[in-house]
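Structures for review follow.
Two complexes come next, and they have one chain in common, subunit A, joined by subunit B in the first and subunit C in the second.
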Partner chain A sequence: MDESRSTYKKIVHSGYFKYYRKKTLWFLATLVAAVILNFVLPRLMPGDPLAAIMARLAPGIQDTEALRRIYEHYMVQFGLDRPVIQQFFIYVGNLFRGDLGLSFSRFPRPVSEIIMSAMPWTIGLQLPAIIVGWFIGNILGAIAAYSRNGFDRVLMPTALFVSGIPAFGMAIILLTVFGLNLGWFPIAGGYGIHLLPHLSWQFIGSIIYHYHLPFMSIVLIAIGGQALGMRSMSIYELNADYVRYSRFMGIKDRTIVRYIFRNAMLPQVTGLALSIGTMMGGALVAEIIFGYPGLGTTLLRAIREGDYPLISGITLVITIMVLIAVFLLEIIYGLIDPRVKAAQFE
Partner chain B sequence: MNKTILEVNGLSTKYITRFREDVYAVRNVSFKVEEGHSLGIAGESGCGKSTLALSLMGYYFAPLHYISGDIIINGKNISGLKPDQVRKNVLGTEIAYIPQAAMNALNPTRKVIRFIEDVMYAHGSKMSKKEIYDLARERFEILNLPADTLHKFSVELSGGMKQRTVIAISTILSPKVLIADEPSSALDVSSQKMVIKMLHDLMDLGFIKAMLFITHELPLLYNVTDDIMVMYAGQIVEKGSKDQMIFDPIHPYSKGLMGSILVPEDGTRNIKLTAIPGTPPNLKNPPTGCSFAERCKYATSRCKVYDVEYTELEGGRGSRCLKPEHELRGLYDDGKVDFSNE
Partner chain C sequence: MRNQFRQLIRSGKFMTGFIIFNALVLLTIFYPIFNPGNPLAMIGFDSFIPPGTYFSLYDSVNPNIHVYTLRIPGADEARIQSLLPMDEREAMGEWLIREGVPKEQINIEDFTGLLELWFAHYNPDIRIDGMTIADRRFYQRLNAKVEGIFDIVDIHLYTYNNETEEYEFQAAISSEDYIRLRDVVNIVRLPLGTDNFGMDMMRKLVSAIGTSLLIGLIAGSIATVIGLILGLVAGYVGGIIDEIIMFFSNLFTVIPGFVLLILISYSIGQAGRSVTVIGIVIGLTAWVWTTRSVRSQVLSLRHRDHVSLSKLSGHSMPRIIIKDILPYIASYVVMAFILQISTAILAEAGLSMLGLGPRTTDVATLGLMMNWAMVYSAHLTGAWWAYYPVLLVIALISFSLNLMNTGLDQVFNPQLRN
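Now for the complex of A and B:
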């Protein structure tokens, strides 16, 4: 009994526990803020979405009274006749049941269903692209830092140039060069238009074929930014006192390179956590340009059609995805950097 | 006569700057340290103390470059060896180094014991991790360091503990010579005392055979080392026993340096401190003649022209000045050299 209590005490007062508790609280707080913003922002957008639906659903109806009644029917159906506060609580209550409402533009399909069908495309595209870009960028940056003269002179300007290109610019360049001019890759879509989604080698092949350009457009930008950061961090670590001391203790260069790589990577993890939102934003733009059937394209269409519930749902899902990614990175960071633990006692 | 552990003959090294300029930081330095002895190296900032320490390791990497000279440790000349041989057979085993900034000397993401394992395996040790741990724990305990330090990261240690841990790691392979570059300058007085005691213990227990102690704090040298060597502009200007050097320096520069010591005793506030005017010469183009001539109150036109040799005097001491000893003594009739411009 005593022992378990002291173990409990030890855990609660340990640096890791404090760190994770703090990070979890922050995660929850940002989540609440995100939910509120996601509810409020679409309602501040100009334009009446019901009017848009009406215009599409009932183009031939001239009777104003009939129009008014249809309009009111929808007002009640979507809950827009109630006070905003009440709408919010209904919204939150529905969220807990995984109900994001019904889409206006693709009425009566539920928003959650639309998002679920677009999400695998987005995750399948962005997660590997960001991870691959991060790793390649870090390795290139580290190599550039060691080989100060040769490789560095080529990589540095290239990385600066590539990381300076906005996401849509990169997508358009790739699309024009490899899609339109060279014709190596298709210019739009997630799979061939003549195919129906089903499990077959032909379909998978088509997916991979369509995957190249959007994937590369995200990876290239990630590589550029990460390589620059890793290069300067590695140079900084190379000149650190512990490197010199390790050398004078006769530690092998190979071991020292390992020290440097590991330590220079720590700020890169934080950097990834900070930039993952921007990266995802860029990746959504890439989806739109390549007409990739993910969340980005769906979001663009939802905005065009004033589809409140869908916009709100997609932005919420994206925000949660970013928050989870950042949260996971911070957990990982806590595990790999002992200084985090020590800092909690100060 | 005792056995000579470290012998340095005509060692010269230089830095090559970004702009391909040579900076001659250590110029033709020769000295010997005998078994069981410790040598203090004193001088102003930038005089080449730390560079000498780095040069003595025999392991050069940019921007430091070897020019000439021999470093003989326990009868073995290490200056001709290939870098990888030096790394494996000299560093840590023959000669070890405690850096100036020991605060940051440990890898922040590696536990102390992991680093000790790296050190052991880098020197071809075949011991198991358990054996290394036992050895490290034993050594740490002898040196009055808690064994649980081994399982800590450097951020979890206080400044004084970090410094002592670094010293324990540096000497884990029982090197013949230990070079301590300002090991206590950044510490509070009680931590400083513990560090000094630890260095004495290492000598007494025979883990190290000789020590070089670099500092700008002269009173500290008097308490730590047997002999003192004063450096100026990359050269040795005077060497002697600690008593000779502190109470009876001969060279005008050492005289001025000793005159700058603050002693906490009654009336210190009223004593006018003497400081040496001017700045050390630019070592990109070392001056011909005596390096100190520009700042020396007693310099004559000859001093600025003739290259001054280091001359051995009686009693194991030596100095680098054109003027003979008796003439210099005549100049310091007031017992204290006064460099103030009046």
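Now for the complex of A and C:
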């Protein structure tokens, strides 16, 4: 009894627990804020939001009866005739049931269904691309920092230039060079247009074939940004006392580089957490160039067609994806940062 | 201060960035002076006219133009070769292969060799298996053209007389007639061709650089002012105010800025999205970084001796902030400002690609130019001039600003120097 209690106490007061509790609370707080923003911002639009939506929608639909049905559906679903606070709770209630409303442009398909069919493409594209880009960028940045004059002279300006190109620009460059001029890769879509999505080797092969260019465009941009960050982090570390000390001790260069790499990686995890939102935003626009069937292309279509429920659904889902990514990165950070572990024994 | 200024001038990175950036700025100022006119005038009736110098065909046959006779060796050969474009040569080669001529013998680059083979083998009466009647007709027409290719005849110009309803002979143009390009009245230089609307890309690009820089400047100034004030207040006043400000700034570091941008720009609606409004919106979503870095600087400055001394002397808070704190963080603020200009320009480009950029009709921005090029599939039709220059400019602006930023960083952060 006494022992289990003390174990409980140990866990509750351990550095890990405190760290994760803090991060979880923070995650929930940002989630709530994100939902509120997603609810409030569109409602700041002057005038009756539904009327504005319908006005934009009307030219697309000739059938006035259908128009009236949509109007009534939204009136009821969002409770637009009630006070704002009540509307918000209806909105949150719908969210909990995974109900994001019905799409205008693809009426009566539910928004959640459209998003669910696009999301695997975006995650499958961006997650590996960002991770790969992050790793390669970090390695290159560390090498550049260590080898100062040789490699650095080339890498630094290149990385600066590449990180200045928007992701969609990189997508266009790869598309025109490797897709159109060299003809190595297909120029559009997530899979061959003659194929229907199904589970077969042919289909998987087609997906991989179409994957190359979008993947590379995100990886290259990520490498540029991460290499720069890692380079300056490593330079800071290079000037640290422990590096000088290790040198005086006659420790091998390779070992020292490993120390530096480890220490500079830590802030890079935080750096990724801070930049992942921007990176995902850029990558979403890059999807458009390839007509990749992910959230970016869906978002563009929704904007062009004035499909308001779909737009707001996608922005919410993207925000939540970014929040989860940041949360996971912070969990990882907690696991690898020795300082969090050290706090356990205080 | 003067010492740091001198270091900046000696910093290769800073100066390279500074020169590239200023070259772009000077271009936006001087190009319109030497090439006046509305950058959004639709001059081309075809979309995506390739880059080049264009002169009026009508003016070049003007009777008053002085015609010179020049006998240039090789001119006829070049002319004849140009009459038979590559796709027609390929078609000829294909016919020859089908007829049974070994593939190795055929070289469509070798003009005379190809013609020799053609005259030796082609016979309109030969029927080749799998060739449709249309194909045969095509080859008969092609053959007629090839046979007539060596007959260089004068071109006769006639004008139509409305009264007599007859054609009147004006002049005969021989293959040795030349006119001086300067004598042609109407010459148009389109260094970057035209876009899908038929607008002069070069002019439009220059004006778009100006607009995009303006957006960057508006957004950067707003973000910097907000960030500076919030950072100063949070860092200097501290306490509950600091916590509130940090809560919001942490919130907006995690919630992606472009999501806010999309939501706000969409909510504003097509009519409200002017260049200024887009600049303001981008600025309102970009203050977080400045706030954080200013705050951390102020926190480390707050307990320095000179600040404490100033406090003890009874100086007011604004005075302490302006005199004792601001000079120390000025370099950080400038660096953040520079970065914000470049992120704002990239943000505008991304927004425009999604169709949420500034209103289209009265102004050009780099993002809108990219967007229109993509909407009209310039990248698929090979109209590289409609988007590569724009991309290059976006990359150069961003590159130069980042270079300047790195240079500044090295001067003001001695740790980064070797």
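Observations, loosely collected:
Keep in mind that, in the parts below, the second predicted complex is superposed on the first by the 285 of 346 C-alpha atoms of A that agree within 3 Å, B and C clash if a C-alpha of one lies under 4 Å from a C-alpha of the other, contacts with A are read in each partner's own complex, and residues count from 1 in each chain.
In this text, contacts are C-beta pairs under 8 Å (C-beta built on N, C-alpha and C of every residue); 3 or more make two chains touch, one makes a residue touch a chain.
All of these numbers come straight from a predicted model, not from anything done at the bench.
By the touch criterion stated above, A:Thr319 is placed in contact with subunit C alone, subunit B being left untouched.
Look at A:Phe161: by the touch rule set out above, it reaches subunit C but stays clear of subunit B. By the document's definition of touching, neither partner reaches A:Gln226: not subunit B, not subunit C.
When the two structures are aligned on the shared chain, A:Thr176 is found in touch with subunit C, with no touch to subunit B. Taking subunit B and subunit C in turn and counting the residues of subunit A each one touches, the greater count comes from C. Touch criterion not met for A:Thr298: it reaches neither subunit B nor subunit C. Touch criterion met: A:Asp337 reaches subunit B, while subunit C stays clear of it. The residues of subunit A shared by its contacts with subunit B and with subunit C come to none at all. Those residues of subunit B that touch subunit A in the complex are listed here as 57, 59, 61, 87-88, 90-93, 96-97, 99, 101-110, 115, 118-119, 122-123, 153, 155-156, 166, 169-170. Contact residues of subunit C toward subunit A in the complex are 250-251, 253-260, 262-264, 266-269, 342, 346, 349-350, 353-356, 370, 374, 379-380, 382, 384, 387, 391, 394-399, 402-403, 406, 409, 415-416, 418.
The touching residues of subunit A, when paired with subunit C in their complex, are 26, 29-30, 33-34, 37-38, 41-42, 44-45, 52, 148, 157, 160-161, 163-166, 168-169, 172-173, 175-176, 180, 187, 232, 235-236, 239, 274, 277-278, 280-282, 285, 288-289, 299-300, 303-304, 308, 311-312, 315, 318-319, 322-323, 326. Looking at the complex, you find that subunit A touches subunit B at residues 240-242, 244-252, 255, 259, 262-263, 266, 336-339, 342.
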